[in-house]
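Next come two complexes, and both contain chain A; in the first it sits with chain B, in the second with chain C.
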Partner chain A sequence: MDVELYSILLLPLCSAAIIALFLRSSKWGGATVSVTSAGIALAMAVAAMLSDAKIEAFESRHVLFSLGDFSMNFGVLFDPAAMNMLFVVCFVGFLIHVFSVGYMDKDPCKGRFFAGMSFFMFSMTGLVLSSNLFMMFVFWELVGFSSYALIAHYADTEAARAASKKAFIVNRVGDVGFLLGIIFCQAKFGTTSFSELSQILSQNPSQASTLMGLLLLCGFLGKSAQFPLQVWLPDAMAGPTPVSALIHAATMVAAGVFMLVRLSAVGMLAPDVLDTVAILCALMAFFAGLWALGQNDIKKILAYSTLAHLGLMGVGVSLGYDLAMYHLTMHAFFKATLFLVAGSIIHACCHEQDIYKMGGLFRRMPLTSFVGLLASLSIIAIPYFSGYYSKEAILAASFGKAHITGAVFDQIVFWLVMGAALLTPIYMGRLFFNVFLGKPNSEKAANAKESGIFMILPLLVLGIYSLAGGWSFAYDIFWLDGKMDGLLPSAATQFVGNMLEVHMPALESVQGAGLLAKLALSLTVLGLLAAYFLYGRNRGYDTLQRNVPILYDALKQHGWFDSLYDWYVAKVQQRFAVLLATFADMFLIELLFVRGIGAFCAVIGYGIKGLHVCSANSQVRWFAAGALLLFLLFVAF
Partner chain B sequence: MDDFYIISIYAGVYVPLIFAVLLALIYPVAGGKAARVLGMTAASVSALASLAVWYGFLKLHSGSPNFAFTSDIADFLPALGVNGISVPFFALAGVVGFAAVYWACISDIKSVKAYMILLLFMQGGLMGVFASTNLLWIYMFHEFALVPTFVATCVWGGAGKRMAAMQMAVYLTLGALVSLVGIIALVVFSGSDGFGIGEIASALKSVELNASLQGWIFALLLFGLGTLVSLFPFYTWAPRGYSAAPTSFSMLHAGVLKKFGLYLLFQVCAPMLPAGLSEWVWCLAVLALFNVLYIGLVTMAQRDLKMMVSYSSVAHMGLCFLGLCSTSILGVGGALILMFGHGLSVALLFMLSNAVVNRTGQWDMRQMGGLYKKTPVLAAFFIAAIFASIGLPGFANFWGELSILVSLWNFSPAICALAALGLIISAIYGLRAVAWVFMGTPSEPLRRDFDSISDLSLRERFPAFVLIAALAFAGFFPWTIAEPVNANLSAQAVYNQSK
Partner chain C sequence: MSDIINQFLAPALMLFITGFVGAMLKRNLISLFMCVELMLCGAMLALLSFASAYDDMRGGVFTFFILTIAAAEVAVGLAILTRLFSVAKSVSGNNLGNLRD
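Let's look at the complex of A and B:
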């Protein structure tokens, strides 16, 4: 087991190193090596999951170094949660690698791109398999670096230059809190290993500290782009579209949720912390849905939608971590699909990203559009599509909690989530109607052609998962002697599945649960109708922008967070730094202190020099003065 | 087997010195090429010898807290030997020295013979600092390495070289003198017969120095050594000096020589003066925090590439000092790892900055831009160096910073949290530099000659690759530093107090 897991981890690293060292300028070499490594990693991951249907958990560790009584362990933990996440990462990752071969065909810096993708696969796999928090932090930083490097792929554009820097720094802000939380955990429990923490906390659950939880939460807020650190994610769309699909939609941003799931499963998150997660994420789920209506760039709309769904997962964590993992898996399928559809369109429309310059693509790119339709139906939670099951579960759990406790806080969270459920069909409808239906609104869209085989195949596979991925969890479908649970390996579904079996009956038995399902469905339909009347009929402009520009601008500013932070950076932080550099460093220390001492010595020396004139007169004067002084001293004593 | 490593230590220290003397003797007849060949030979021998010693120590004496490979050939020669703390730095001096001499050999330098003589003297002195078992000789070797820096800055330096050399000379001589007084006081009061570290330590076992005396001696040493390591507020020599000094000397000084003060503090002062340390520890913590936060912010305001690198090196020294605050194996061990990593990364940054400036003809980062299109390899090395220095896992610096922060939590969670803010600050100035220099489109002044800019040549890549490889090696195998360090620190009572 050890060997397989380490090769899943190290294969992409080797691929990245080989490409970076030898294949940078090769035309197809980089792509071949990278896709092969991703494919082998997927095959090995699936083989490991299928080999022995009942592995509960596998753990191994090696000491990386030790100083005093602290030792840094490099370990892998292959438990049901890791299997679920590993399947998502390897499967979606491999398909996106294949897609990239088509998407990046004309890019001159292909080698750099594929090296970055392989490096990302390495760091993400490592994050998933980490057996302790320090190791997770190591890979946490490495995925941050891959994200930085890949956002900066088109580094000559101003957008990529600013966005890559911003993404890394905003993440660092969260990471500092995360790191302090980890250090606190190490100081308090003497270990950060998940299995050992789980033992300690299961014996004494009251040891979970709120402060520690809040510090650890900072890492989630940065990586999963939640309030108030969400600003980097929409900007990160400056990277190539496969990167946005893999890193900024399906896997890396979900790593924050995965971390919370891990911590929640060992009982590290105190109730206060869970409440904080719930309200921050519910707000994000609602507002990101609103802000999506203020964007015309197809990738930005999807980015805001990712924010909203990450918020939904966060709410899921606070209600029962299995729900979060459930939605994470479904979201990875349908959001990766949507981004790849967007990528296919952008590629066909010569890098046009404005949805009001598209239109009529259903006839020109039927396969892409059909997959896009599947994924859209999935994201707006139409029954029997993947997205429906997980979203419905979260809604029901939220409703159940509000119903049982009756607290205002829980009611607010519930209605925010319902609001988010209403907004999803509106912004997705706006996107769908304007991009696929009607007639083309620009030359580029009119000349669009269906993409090649490398892009279509992964799209079709992902489209199937957007439709049917959820069936594995919702129904009992067993293939291959029960080793495959529908389209997913059974090992990957057991984490969510086992928990759901416990939770679902309770959720369904809450009074009004049936009504809730109907209400949610009617909200979806209502949202779709609203989207059609507001944005349908393919006008080539945004109705809101033309008729109520104030409202549109307010949405476009997405809460003025960027303006606030820009103001802080430019007007407060940088001015303070310049003040320190000029006043404190140059003036006080360098000029007054250092040169001041020099000048002081010079003045004294000059004065003393004046006393030492070499002439007979002065010698006589000094002699007389000295004699007088001696005489006075003699008299005095 | 020990004999081979003893000879290696001697070779590491004396070959550069002998070659420097040789070069001086044939000065009138030698040409620039001879100087380069001699320099490269000496630096290669030194580097290989130092790596051999590191390897040998790990293989034969890795669990031992004492000096190994010691020998006394003659009384008038310094007693050489390495222990767990000094052996990584002996190797560091060898590797960075190699890169610095190599860079000097491929650069276009006026009167290269004189330059090479100074550089080799410095290199020999540096190797000697970390291979001596005797305090007086450590100090002498340090002075040996220090003086060439002043001369070289005065002769080959850049803008503002006279003022910078002057300032550096005054500060560093003062710091060295004060610490010499401290060293002498330590030896005298311990009643030891000589300056050998082992002798003093064993003398101290029978003499109990009272706390206030320890406090005084420690204060002298902290002030003196702190100045040498650019502790706040005695740091102003560093940024100006490094910016003005010729590249190879900046690399050696910032990368290796500056570590002397911390090395002595960890190796000698803290174990021998525990009461003195605990008296001054809060003062040290506050001053070091100024290094991390205040200097960090000042670094953010820099526009000049070399100034930015210089200030960042001052800022990073703060974290190394903070490692001492918790007085634990973890903290000091972390500081030693960070010193090792920082030595490599800052040397690399000085070297690459020199390469950038050679290509653009500017110092101001905002006057550059878009370089990555023309110099992808240079950009890759630069980004790797910046990420190493801001603590990306995979490079040595990360393990150092992590260990220091973990240890600081036991000292004071508040100080730990404040020190952690340094991680954000360093990311801001580091990434901003990358964005300004390499990303975007070329600025107006650069655009004229943009097409003639060329990437790093193969021979320029070599030293950069060596340094990056060393950083990654220590990042992937941190035990190669941690194991000998741990064995040594575990034997010191001061680092084993239970908290």
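Let's look at the complex of A and C:
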């Protein structure tokens, strides 16, 4: 097992190295190597999961280096949570690799792009398989670097350069807290291995410290772009669309959630930390949905939708980490699909991204549009689509918690989540009606043609998963001797499935649960109707923007966070930096320490020089005096 | 035994003091040099007197070494003095401040 897992991990790294070293300028070489490596990695991951119907968690550990008592371990932990995540990463990753072959066909820097994609696959696999927090942090930073490098793919545009820097720097802010939390954990428990932490904390759950949890939470806030570090994700859409689909929708941003799931599963997150997660993420889920209405760029709308759904996953972590993993998996399917649909459209419309310049694409790109319809129905939680099951479970759990505790706090979280569930159909309806229905609003859209086979095939497969991916979790559809569960290997579904079997009856028995399902569905329908009346007639402009420009501009500013941070950087941080530069650096260090020491020595030197006389006789006298002094000293002691 | 010490130590002390006072007072570097040699002579005489008083070879041997080194020192020292004279046109020890600044 060790060898197989390490090959899954190292194969994409080899691919990245080969492409970066030899195939940078090759026309198809980079794509071939990268797609092949992703395909083999997927095949090996699935083979590992199919090797047995019920795989025990597998852990291996190698000491990387040791310093005194501390030893840095490098190991893989292949437990149900990792299997679930690994399947998502390898499967969605492979399909997006195939899609990229079609999408990037005319790009002059294909080699660099595919090397970056392979490197990302390596980092993400490492993150998923990490058996301890230090190793997770290493790969955590590597995925951050891949994200930075791939956002900056179109580095000749100012937007892409700025966005990549922003993504990197904002992530650093969160990672400082994460690293401090890891060090705190190592100092307190003497280990960061998940299995050992689990043992320690299962014996004594009260040892989970709030401060440590909050510090580790910072990493999640940065990586998964939650309050208050969400500003980088919408800008990151400046990267190529497959990158947005793979990194900024399906996998990397979900790595923050995966980290919380890991920590929550070992019991590291104290109840008040989970409450913090709940309120921050519920706010994000609601407001990101609102802000999506203020964007005209198809990718930015999807980016805000990603923020909202990451928020839902965060709420899921606070209610039961299996729910978060459930929604993470479903979200990876339908959001990757939506991004690939967007990519297919953008490619067909010659890089036009404004939804008000599209329109009428259902007739011109039927397959893409059909898959887009499937994924849209999935994201707005229409029954029997995969998004329905996980969203419904989170809503039910949130309702159940609010019902049981009766606390105002839980009520607020529940209503925010309900608000998010209402907003999803509105912004998705706005996107769908304007892009696919009506008549084309620009020449580019009028001339759009269906994309090629490399883009359509992955879209169709992902479309099927957006429709039916949830069935594997919600029902028992075992085949191949129980090794497959619906469309997924049963090894990948057991993490969520086992927990759901425990939780779901409790959720369904809460009074009013049936009413809740009806309420959620009617909210969805209400949202769709609202979207139709507001945006449905494909006017080629935004109704809100035309009629209530103040409200639209307020939404477009997405909470004025960018302005706030700009103000902070220019007015607070810059001044502090100037103060540091003048006082600490120029005055204290340069003037006082460096030049000061020189001046001190010079003054002493001048004093001593005065003692030197230019006469041999007085030197003899000094010598005699010195000898006398030494003699006296010897006599005295 | 004490006779020998009394007979020879007093001249040795006198030699040393003469050399020392001279070294402190003489301006001419050659005189100063000779005064240093005088102090060495005083020290060697004292060594020899103790050596013969205690019937010990070591004082004598030590003196040989001092003499040898003094000879070498004189050779070097006089060479320095001649160079100094050719540069400064004087062998006075009063303005040897070139290395100070």
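Points worth noting:
Just so we're on the same page, the second predicted complex is superposed on the first by the 575 of 637 C-alpha atoms of A that agree within 3 Å, B and C clash if a C-alpha of one lies under 4 Å from a C-alpha of the other, contacts with A are read in each partner's own complex, and residues count from 1 in each chain.
The criterion applied here is as follows: a residue touches a chain if its C-beta (ideal position, glycine included) is under 8 Å from a C-beta of that chain, and two chains touch if they have at least 3 such contacts.
Note that the structure is a prediction, hence the values are computed from the model and not measured.
Touched residues of chain A, counted separately for chain B and chain C, are more numerous for B.
In the superposition on chain A, A:Asn617 makes contact with chain C only, while chain B stays out of contact range.
Using the contact criterion defined above for the overlaid structures, shared-chain residue A:Val572 touches neither chain B nor chain C, since it reaches no partner. In the superposition on chain A, no chain A position is in contact with chain B in one complex as well as with chain C in the other.
Residue ranges on chain A touching chain C, taken from their complex, read 609, 612, 614-617, 620-621, 624. Chain C meets chain A in the complex at residues 20, 23-27, 29, 32, 93-97, 100-101. Residues 167, 233, 236, 294, 297-298, 300-302, 328-330, 333-334, 370, 372-373, 376, 380, 383, 387, 392-394, 398-399, 402-403, 405-407, 409-410, 413, 416-417, 420-421, 423-424, 427-428, 431-432, 434-435, 438-441, 478-479, 481-483, 485-486, 489-490, 495-496 of chain B touch chain A in their complex. Against chain B, the residues of chain A that register as touching in their complex are 20, 24, 63-70, 72, 112, 134, 137-139, 141-142, 145, 148-149, 152, 155-158, 160-162, 164-165, 168-169, 172-173, 175-176, 179-180, 183-184, 186-187, 573-574, 576-578, 580-582, 584-585, 589-590, 593-594.
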